[in-house]
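We call the chains A, B, C, D and E, going by the order they appear; numbering starts again at 1 in every chain.
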Amino acid sequence: MSFILVAEQILNGLQFGVMLFLMAAGLTLIFGVMGLINLAHGSLYMVGAFAAAAVAGATGSFLLGLVAALTAAAVAGAIIEVAVIRRLYKADHLDQVLATFALILIFSEGTRWAFGSFPLFLDIPDWLSGPVSLPGGIQYPLYRLALIGAGLAVAAGLWLLIERTRIGIQIRAGENDREMIAALGVDISRLYTLVFALGAALAGLAGALVGAIQSVQVGMGEPVLILAFVVIVIGGIGSIKGAFVGALLVGLTDTLGGIFLPELLKLVTDPSTASTVGASVASMAIYILMSIVLILRPTGLFGSTA
Amino acid sequence: MIPERLLNALILAGLLAVPLWALAADEPFTITLATRVVILALAAVGLNIALGIGGLVSLGHAAFFGIGGYAMGILAHHAQTYTALDLGLFTVSGTKSMPVIWLVATLASMLAALLIGLLSLRTSGVYFIMITLAFGQMFYYFAIGWAEYGGEDGLSIYLRNSFPGLNTLVPIHFFGLCFAVLCLALFLHARLAASPFGLALNAARQVPGRAEAVGLDPKRLKLLAFVVSGAITGLAGALFADLNRFVSPTMFSWHFSGEIMVLVILGGTARVMGPVAGAALYVALEHWLGGLTDYWIIFLGAILLLIVLFARGGIVGMLSGRRQAGD
Amino acid sequence: EIKVGMITTLSGGGAGLGIDVRDGFMLAMEQSGRDDIEVVIEDDQRKPDIAVQLADEMIQSERVDVLTGIIWSNLAMAVIPSAVNQGVIYLSPNAGPSALAGAGCHENYFNVAWQNDNLHEAAGAYANSAGYTNSFVLAPNYPAGQDALSGYKRFFEGELAGELYTQLGQTDYAAEIAQIRASGADSVFFFLPGGMGISFLKQYADSGVDIPVIGPAFSFDQGILQAVGDAALGVVNTSQWSKDLDNPANNAFVESFQAEYGRLPSLYASQGFDTANLLLSALESADPSDADAFRAALRAADFESTRGDFEFGPNNHPIQDIYAREVIQEGDVYTNKVLEVALEDHADAYASECNM
Amino acid sequence: MTDPILATHGLAKSFGALTATDDVSVELRPGEIHAIIGPNGAGKSTLIAQISGALRPDAGRVTLAGRDVTALATPARARAGLGRTFQISALAMEDTVLENAVLGAVGASGRPWRFWRPALRDADLRARAEDALARVGLAEHAAARCADLSHGQRRQLEVAVALTLRPRAFVMDEPMAGLGAEGSRQLTAFLDELRHEAPILLVEHDMDAVFALADRISVLVYGKIIATGTADEIRTSREVREAYLGDES
Amino acid sequence: MSLLTLSGLTARYGASQALFGVDLEVGAGEVVALMGRNGMGKTTTVKSICRMIPSEGRLAFDGRDLHALPSHRAARLGIGLVPEGRRCFADLTVAENLLAAARPGAWDMDAVTAFLPRLGERRHQRAASLSGGEQQMLAIGRALMTNPRLLILDEATEGLAPIIRQEIWSVIGRLKRETGMAILLIDKSLRELRQVSDRAVILVRGKTVWSGAMDTLTADVSERHVGV
């Protein structure tokens, strides 16, 4: 196994991780701030991808598609928050689970009703397509490099927003005590709608960016949703930093596990068994990672112990 | 408002009356549907013990459901193909006898619940939800890759397993059997909830510190609840496999865990009859809405949403009006 | 009055296939002009337990004579064995798991599409004729995926540059593509149905790896080609049917389907259409109440198939030509063009294990 | 002098750089109320946590009736005879007053593994619980939901639950907190009685109560005991006035 | 004209009613003590004023009906709350706690840290790691940052060491003297209340039973209704 291949796989893992971070950041933000387990987060990812595909298809512009994805997901998020979630803040967590589960059903089938049952087309724009050569002779798709860049930029922006701005401080204060921050004159409902829309927009952005290299189809949000949950739990719920580290860990584990586990097994068994058994173990790898992390650190890597 | 006891009796009576009517009207499928309700309710009763009394929000109960299902599938498969089941140290032959299968399914899921519980109970809250989900997913992917027993295709058992004195192929017999098991489980739940153990578990959920201070060990209480819960859901899995005469990895999928949880919440968390009411409504909706339009799932979602928004405490809570703290 | 039960996937991510099968089937029903056939259609949500429940409903309540419609192998495995054992005729419009073609075959089970391995076998045969000697093969890690790779290897005579099983439902193939790039293969065979194939092809096209790709028709079908776009152009895929097959039945089918539904028919639509026509042809000469006669009439397969010649082998699975097609662009639309026959009068590998 | 029922020997606990308790040795003798006072953040609750088993000390030992319980976990210490109340009421809010008290009895019985007999129909458990409720004056509220109790009633229930354990020693963290003047007076009178049943280690900021009740007072400042003595000795200590009392009383 | 007016205010928690008719007025610049035994509805009254729970009856601030407003709008009219139990934002630093509440006005970061120097010294420390007394100061400083016209202090000295209690009382005294801010005070120490308050209102079972100037509150009345 050559150095180039290993380096390329690490890049792939990073890129996957950065994309997961976009999903996970919104989820962890919403959970941290509102204590809400939002199963419908994956639906917002799907909304973003469909909006991007529809608009890019109609206008031929990928950038307009991205804008559409952000807008559509943010608007959908705001609507969900105002129409449903807001009525459930005082309710049991479990009611929120049921409500957001119901939202998944509505969104998935609603999308299929609106866009039909076949996958949509969304492609990489010309100016970002094709491979580039990196130092060391690695051929790497430009678009994936752009994804890494976009993800890191969002991560930095989000960190600044949460840690350095007054809104961020108020959001974190709301995390600690929602009633109290309202009693101090902060419009917490608006702040929540904003946070929800922001989280949704991040999911929508991820959906659109990933949609260009994947299949834009109904149900595309669910596998990512599970992964995003794994990420925020590994990182520690509510922690943006945790989500970032968790996302990279999961991205790398998933990518490298699928490739290197079968190779490792080939050392001890015949190639065909190695590839099936290796693939089975690899599909469990992130769950194994997560249970190990939680068994050692029951509140994730950067979770508060409360 | 109907008193909860009366409501409970009505729900059970209804569940019994529908298949009896179907028998008279010669609608065997309605009996099958009722059996499905009973078995899903049984799985949810299992979860309700962990979730309702113990506050253990497990999103991995499909693991036990699947283990129960595969216990049935594997034993019956070996009996059907006249092959021996190699357990490493020794081999056993398969069986088509339900009591034996139930015993194995229950024991296997108890063992799994013990292990998963021991590891998972180090965490709490959302972390607990996710770690149980992780264990469920591990089983799921394991089953998909388990070529010996069909991998993702699963295993078909051509004939339903047997129970002494009954012809399980007759729908109403099998229904009666499942219904009896459900009644036992409901009775167990009711007794458990009122027992010293239930009281202690309930307190361990609400105020673990207090439980410790009076000499109780919350972790052990929760672990035991988790094991009992897993065992019941495992038994339901074995019955479900027998209902379908088929097992597959979907029994392990997180959708299933979610669905079991939805049944509990829909019916009313921690209420004895909640799972039954939830399962009955869910299966009925799934069945009747399906005929209306291709996009029926939108309506299913909308109805669930309306129930959460306007019926606090699930169906049983809404009808009985008895408030529970936290509703 | 004859009752047909159709259990197929009409909701969720896999609904496109079920809808096409249904639409193709119903088109043929309509064209037959028979009003004594009732078709009961139900959505299985792609869940095996729901499919089993629906089969019970169809058999116990609706008392159907014939069942059909299932798309996925795992659902087929859940439903078919018990249904055919209860005396119902099952006509498969899509899935053909090997277990039901070999030792598990049944006189009441007819496959009107293909045995699961068929298209992969044809891909192997095509790879030989195209002169490839070193293939990289990949498929998801589940029984149909394993069948696919063994099907390809059964006919491919060259070496394997690599063999990979991916995760079921995987969406990112960067890691696999990197392996392919490093493997030194001269061809790539992949079986990644549905969204997995779209993702793979888009990412492959963008990676700059230019090793030619071969796959079964599932990733190049009319329903999803538009979503793959340019990335699919020029890829050779294998199929028992193609829109441009020139025979009267097919020409009429393509035209009437487009007129009725406003879209081009897909592989699945053609299979649904053929299934219905097979059924109709059998009903012409026998009644389902006479099971032996009806089975004989089905086995005769006396209907005009959209794929030209069609007959059943001893295990009630098709013996048919399988073509190599190439993805082309016609105006705005991506579609396929037949290149050559990859395997002629091809029967499946399991027929000999079947003794009915 | 009689042997102490409860004693700590050189307990020490640090959180990172912060030493919360530093070589703390206190004794609780039969029949006495021993008050621990000290500024906020002095380490009083940390000390209680180490005695009750919620926190593991870095160094030092805890003995209960002469037995070393340092290695025991909280539930085992409770079973060994340590009854505690919490600074912030820790009660099962969804349950009734009686159920909360029965919970204590279940814990005390050491048999929470009975799943069959309803707890409220168990004569032993019930008698124990009702007795404790009667003693704190909550008998007529037995059927009330805990969530509907007033603050003061909750504090009484806290004590009742500890009573069901029939402990050998009580450890109470600010039982007067949030009680009004009248409530404090009532609780003071009650604790005065209770000391004859089992001695009480009392952490409290309410100086009226402390001076009225305590046989001995220890003053904890920055994790160290700086003084131990009778109420009068403490009241007049200059060191204590500077660190804690200020110019009050 | 009085700043805050409550009359016939009722409130309930779910099924159980907690307030049965509270009458209370606070004039500009006035310090009013709200007294009563445990569970009589003092905190509930405060929560109603701050719109944290629903209530009925007359509830007006500066002539505006508070019932029409959500919690944050009520606060913006100029009601600053130091809640029962402090409720500082535990994971935020002292400075962030203050900043989260800041509204334009004379009380800004500099003014508050000058008034409460301990907060300046602890500026970058997390609230969770403050001592109880410092947390109490922070809660007061945080309320000041909203530039209130009425400051409500609910049990601001509970659970504090006597020496720190004295410090808090002196801060309240300074606020009264130096700013002329209206203050609504709840505390169990009658002695200190008598020293700083102009008027007193006594609640029994959710109803106002007595109100008047502090110096007209006789030992007899307070013994009967408050227990001291």
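Just so we're on the same page, a contact is a pair of C-beta atoms (placed from the backbone, for glycine too) under 8 Å apart; a residue touches a chain by one contact, two chains touch by 3 or more.
Predicted, not measured: the structure shown is a model, and the values here were computed from it.
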Contact steps required, at the very least, to link subunit C with subunit D come to 2
Hey, which chain ends up farthest from subunit B, C-alpha centres compared? E
Select the chain at the greatest separation from subunit D, using centres from the mean of Cα atoms. C
Which of A-E and A-C has more C-beta contact pairs: A-C
Measuring from the mean C-alpha position of subunit B to the mean C-alpha position of subunit E, what distance in angstrom results? 52
Quick check: how many Å separate the C-alpha centres of subunit A and subunit B? 31
When the C-alpha atoms of subunit C and subunit E are each averaged to a single point, how far apart are the two points in Å? 74
Could you state the distance in Å from the CA-based centre of subunit B to that of subunit D? 43
For subunit B, what residues touch not just one other chain but two or more? 144-145, 147, 295-297, 326
Which subunit C residues touch at least two other chains? 11-12, 15, 19, 141, 146, 168
Could you list the positions in subunit A whose residues touch two or more of the other chains? 108-109, 112, 276, 279-280, 283
All pairs of touching chains? A-B, A-C, A-E, B-C, B-D, D-E
Over in the complex, which subunit B residues touch subunit A? Could you list them? 51, 57, 119-120, 122-124, 126-127, 129-131, 133-135, 137-138, 141-142, 144-145, 147, 254, 258, 261-262, 265-266, 269, 295-298, 300-302, 304-305, 307-309, 312, 326-327
Of all residues in subunit B, those that touch subunit C in their complex: 27-30, 32-33, 36, 144-145, 147, 150-154, 156, 158, 171, 240, 244-246, 248, 250-251, 286, 290-291, 294-297
Within the complex, which stretch of subunit B touches subunit D? 191-192, 194-200, 202-203, 206-207, 209-217, 221, 224, 324-326
What does subunit E use to touch subunit D in their complex? 16, 36-39, 131-133, 155, 158-166, 188, 190, 226-228
Hey, which residues of subunit E end up touching subunit A in the complex? 50-52, 70-73, 75-76, 80-81, 83, 87, 89-92, 96-97, 99-103, 142-143, 146
